[in-house]
Amino acid sequence: MQDAILLKIVFYFLAAAIAVFSVMAVTTRRILRAATYLLFVLFATAGLYFFLNYSFLGAVQLMVYAGGVIILYVFSILLTSTDKESPSPLFSLRRWIAMIASIGGICLVAFLVLTNVWPEVHAPATDEVNMKLIGHTLMGTEKGQYLLPFELMSVLLLACMVGGILIARKRS
Amino acid sequence: MNLLSIFVVIPVLMLAGLFLSRTRQQARVISATGASLLLVAAVVLGVLFAAERHAGNTAEMLFTASAQWFPAWNIGYSVGVDGISVLMILLSAIIVFTGIFTSWNIDPLPKEYFMWFCLLSTGVFGFFISLDLFTMFMFYEVALIPMYLLIGVWGSGKKEYAAMKLTLMLMAGSALLMLGILGIYFGSGATSMNIMEIAQSSIPMALQKFFFPLTFIGFGVLGALFPFHTWSPDGHASAPTAVSMLHAGVLMKLGGYGCFRVAMFLMPEAANELAWIFLILTGISVVYGAFSACVQKDLKYINAYSSVSHCGLVLFALLMMNTTAMTGAIMQMLSHGLMTALFFALIGMIYGRTHTRDIREMGGLMKIMPFLGVAYVIAGLASLGLPGLSGFVAEMNVFVGSFQHSDTFHRVLTLIAVTSIVITAVYILRVIGKILYGPVQNQAHLKLTDAVWFERLPVVVLIIAIASIGLYPGWIAEWIHQALAPIVESLTVAAL
Amino acid sequence: MELIPMEYYLVVSSIMFFAGIYGFITRKNLIAVLISVELVLTSTDINFAVFNRFLFPGHLEGMFFTLFSIGISAAETAVAIAIIINIYRNIKNVEVRNLKKLKD
Amino acid sequence: MEYTLFILILPLIGFLSLGLLGTRLKGKTAGYVGTALLAATAILAYITAWQYFSTPGVDGIRPTLIPLNWEWMRFTEHLHIDLGILLDPISVMMLVVISTVSLMVHIYSLGYMEGEKGFQRYYAFLGLFTFSMCGLVVATNIFQMYIFWELVGVSSYLLIGFYYTKPEAVAASKKAFIVTRFADMFFLIGILLLSYFTKTFDFGLLCSGEENLFASAAGKTFMGGAVLSWAMALIFIGAAGKSAMFPLHIWLPDAMEGPTPVSALIHAATMVVAGVYLVARLFPVYYFFTPEVLHGIAYVAAFTALYAAIVACVQTDIKRVLAFSTISQIGFMLVALGVSGMGTVEANGLESHEGLGYMASMFHLFTHAMFKALLFMGAGAIIHTVHSNEMSRMGGLRKQMPITHITFLVACLAIAGIPPFSGFFSKDEILTATFMFKPWLGVTMTFIAALTAFYMFRLYYNIFWGKPAQHDHPLHEAPSSMTSPLVFLALVTVVAGFIPFGKFVSSTGAAYIIHLDWKVALTSVIIALVSIFIAWKLYCKGSSKVPDKVAGFFGPLYTAAKHRFYIDEVYQFITHKIIFRCISQPLAWFDRHVIDGILNGIAWITCRGSLAFRWMQTGQLQSYALLLLCGCLLLLCIGLFR
């Protein structure tokens, strides 16, 4: 029982962190802060994955996002030295419309989610996914196994690497 | 191959030939050969048609053929001609032929010019031979679009404005038309877009009342129906000579032809019910066009307004819905086609020499270019309805026919239309007096030359055509009577 | 896990999603826009994982989709940042409204 | 008598051959060709006349022959235009008149038009005119007549505008055509009305006096008048246009801008009497069904005759004097028709005297054609020598131009009504007929006859007597090609009065024996002599001050008459100020600015509309995203809460 309360507290903490920091990430003026808030959001997301017993996913999230992507961001922000956005007019029609639409959207989706009747699931497996299983699935060629996408991913990453270098290199 | 498809095939072959041509001379020769072939084919068609009729073939449409090309919507390429279509094809062939010669020295881009011209004639011929609503509409569009480029590129004066205005107005018309055609097709519940088959089934009155005005106005825009006529003065004034000829001579006839072949034939009940509105509009066209022509200063504007008046008479007579008046309408189409082509050809030739179309800047041209002068006088006399030339025959059929109508309203309108013969005389004689007669206005004009062979040829051909209709209208009338019989019958049945 | 209903996760992810969209529409800095896109992507990832866990517990599709998605978004970020740096090099600026200059 | 077709064909051949090949012909060849063809035509016409009149009819009534009739165009079952040839007394008489005068004009023009530019064109037009005029008189139906009526109008237009480089000639030809065209419109409407009720164009049927034919029109009225009366009145307006009746006469004086022989042929002898001929042709219809219209014609014609005679007294251009004289004389003919009745055939096979007016009118038409052509040709000879139309440039010409003088005098005596010249006989019959109808009308007509004598002799004395004007070139008699037609016509004028005209032409076709009414004849002759005497007193010496005093005495009347009572100005006002300024120009403006303006306005609105939506298409991804978001949400809402 204690456990359950604790878990609930953890969940609410993570949820609140995601909500608050994602909003802050898009509303703050300073880009560096936005990147930091994004980092928090990503951490919280990773936490959520752990919470769901997807430890592998959480780890990947932490490594790729928090370790790689955010570093990229920070570097590029520093490189472009645009820490601050240029001030926008206080009243911007677009901003208001976007805000109203977003809030409306949240409400609409929440309404949908909360009122929808989800299919009954009988045996919710709550245990951790076996690491071995993950490895086999990723490397197998059977039905429901993902070797081809995996390889495609690697090609894509290679292409990105080449592309990134090509685009970003100095023109001689 | 079906005899009628030749009329589509020849222009297409001409197009291909022109595409391959390299020099101006080649383009000219190809166009002239093609146009002559078309003319010969049209005459042959006329002779064969007459022979068939003589042999007692009384089918409504002769030389029919059909092939499905879009089965899902029952769209087919079905062709066939009756007396009226044959006459229209003859008219188009003559005008295309003369138009090619009139644009002998077109500049710049002769090859492209002739190509668009051929495309235009493909559309025109295709329209007159097709019996399928959709194919007809398709050819109609094919005839309209090249007009934009022909005016926009080879025109003169405010050509971009004119081209845009003409195309937009006619496109608006064809949008209405498209609606009308779809309405007819779905309203009739027919299983084919063939006009003759649709005519067998009747369209509910409520639908007719909605779609008849759409179709009639759609075609009416091209037929210069008041108040949708204003593309005509600007368009004609800016277009190059041969395009004005083809446009006023043939394309405006597409409007009239469509009005009775599609709108009135397929929706006779609504035609009877709503005729009065359009009668008033066309009556206005007739008088209004004539009065407006009286004060114009540009030769082409005068002729364009005169076309409004004459084409108004075509629609006017069609709406009278009796054989005589409708015969007059068809004759007026032929007659107006020929004489307005002659007018535009002559105006083009005069403009090519004097470089002005303002009647105040010309005078005494008869002395300088007697051939063109005499031809202009003949065209003028045809236009004001001199017996022995085509205009008289047409107008008298219209007036006598319309006046036989038992309704006083129709007869009073006829009387109003009759006044146009005086106003026509006023503006025609005004122009002739100003530009041809009197002392030479501009001494620089004294050095100008008279027409050369490729200018004389179209003029002579047109004059012969005008005179032969005017002198012996009997055979034409007979063809038209036969062709009109089913249409008039369905209209009379609907009136009861 | 039953003590937290699935709907709660979804609500959280939708908040994140719309925050991302809001940012995408309103932010002027290209990097900030990119950050917003990142939010949108992550929120969908969460959804995949959640649906997998709650509705199809025996399967692994959602998880793997999330996995790939993380990979792709990393790649996308790399390329995007390369482009942004390139833009910065050209116009000394990474604001959206200045991008018109690139046409010249 | 099918050969009568050649009366039409020969001049047409002349027109076509000279018109198409004309420029190739050198010198006067074209003239000789035209004249030869016309001579053949004239001979054919004489043969026709001889054959027609020598054939006795049934019971002494002259038959109506239709040797040829082709259906040319069919309108409806009953209505069709036929082209054919109808021979009856008046058409045969007209054929003779036309071919004779035309032949004389052809011969005369050989001299008069010699060396003119467009000589062959002139002869071509003459051929066209002769063809159309002959076609008009032999018309078998009213529509054929309308067709040739228009053709005549056009040939008149072409001939008046023969000197096309002269602006006055161009204006005059235009005026002539438009005014007659205006009248023709009424003619056409009249035909339409008439044919609507009778279902026929055919003269034979129309003039048969058949009651049933007009039954459908019975009782139908329009604006207080019977429809039939309207129809016949409209047809008369057409006739009035051609025959220059007031107020449609304005074109005729101006038409004198054409070559003088043309005036002689078209505007004196033949075309202008087409209106008279038309009324005569439809006389039974007028008489039996619309007598009120017939009387109206008489009054209009009488007024025109008076008006024209007064104006003729003060004109100084000799051709204008003759033109007004023509108008006046046509007035006489129409008055005679208007007051006439339909004769009845009496037991002795002769016609009763009710038909006198009809016969008199035709008789006068015949004699007038001859002496008026003669007058015009004489005037032409004078103008040819003097190079001017103005009376003041003439005077004392009797010495230089003896033949012209004598023939002119003969014609003047004839038109003044002095026996034994032809005009005396025909005019006397007309006066008798008017006295029979209404004595006051008779008195008026006698007064006009006196005016006629006065102005003709004013003309005569001014030209041939009086003080000679100075000329820088020697004056001489016209060449023989011009004088021989003069002599011929003068001879005809002398003897024509003795033709027993009534035996040939009468309202019923039966012979009519002319009796002179001595009372009327004597009065008219005496009055005419008095007028001539006054003219002699006033103008013979040439230097008399009296004319100016008389002019001063009449004051405003004189000025008004000199300006032809300002009718031209009224027309000018109507056409230019009202039709052009108040109808055409506003309409053109309306077209350019209102109708076109609406269209351009629509185009403008479309343009503005697309501009108004242009902000959406910023090219910014973010804006699109916003719109996309809004759109999706909207769709979602619609989907959910429908």
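By letter and in written order, the chains are A, B, C and D; residue numbering begins at 1 in each of them.
Quick note on the criterion: contacts are C-beta pairs under 8 Å (C-beta built on N, C-alpha and C of every residue); 3 or more make two chains touch, one makes a residue touch a chain.
Please read these numbers as outputs of a predicted model, since none were measured by experiment.
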Exercise. Smallest number of touch links from chain A to reach chain B?
Worked result: 2
For this session: Could you let me know which interface, C-D or B-D, is made of more C-beta pairs in contact?
Result: B-D
Problem set entry | Chain centre separation in whole Å, for chain D relative to chain B (CA means) | 37
Problem set entry | Geometric centre distance via CA averages, chain C-chain B, whole Å | 65
For this session: Please report how many Å separate the Cα centroid of chain C from that of chain D, as a whole number.
Result: 98
Problem set entry | Cα-centroid distance, chain A relative to chain C, in whole angstrom | 6
For this session: Send over the residues of chain D in touch with two or more other chains.
Result: 622, 626, 629
For this session: Provide the list of chain C residues touching at least two other chains, using ranges where the numbers run on.
Result: 21, 25-26
Seminar exercise, completed: In contact, pair by pair, are chains A-C, A-D, B-D, C-D
Exercise. If you look only at chain D, which of its residues touch chain A in the complex?
Worked result: 622-623, 626, 629-630, 633, 636-637, 640
Problem set entry | Interfacial residue positions of chain A with respect to chain C in the complex | 4, 7-8, 11, 15, 18-19, 22-23, 25-27, 31, 34-35, 38, 41-42, 45, 48-49, 52-54, 56-57, 60-61, 64-65, 68-69, 72-73, 76-77, 79-80, 82, 85-86, 88, 92, 94-95, 98-99, 102-103, 105-106, 109-110, 113-114, 118-119, 121, 123-126, 129, 133-134, 137-138, 144, 146, 149, 153, 156-157, 159-161, 163-168, 170
For this session: Sort out for me which residues of chain C touch chain D in the complex.
Result: 21, 24-26, 33, 96-97, 100
Exercise. Within the complex, which stretch of chain C touches chain A?
Worked result: 1-4, 6-12, 14-23, 25-29, 31-32, 34-36, 38-39, 42, 45-46, 49-50, 53-61, 63-64, 66-68, 70-79, 81-86, 88-89, 93-95
For this session: Enumerate the contact residues on chain D facing chain B in the complex.
Result: 71-76, 79, 81, 143, 146-148, 150-151, 154, 157, 161, 164-167, 170-171, 173-174, 177-178, 181-182, 184-185, 188-189, 192-193, 195-196, 579-580, 583-585, 587-588, 591, 595-596, 598-599, 603
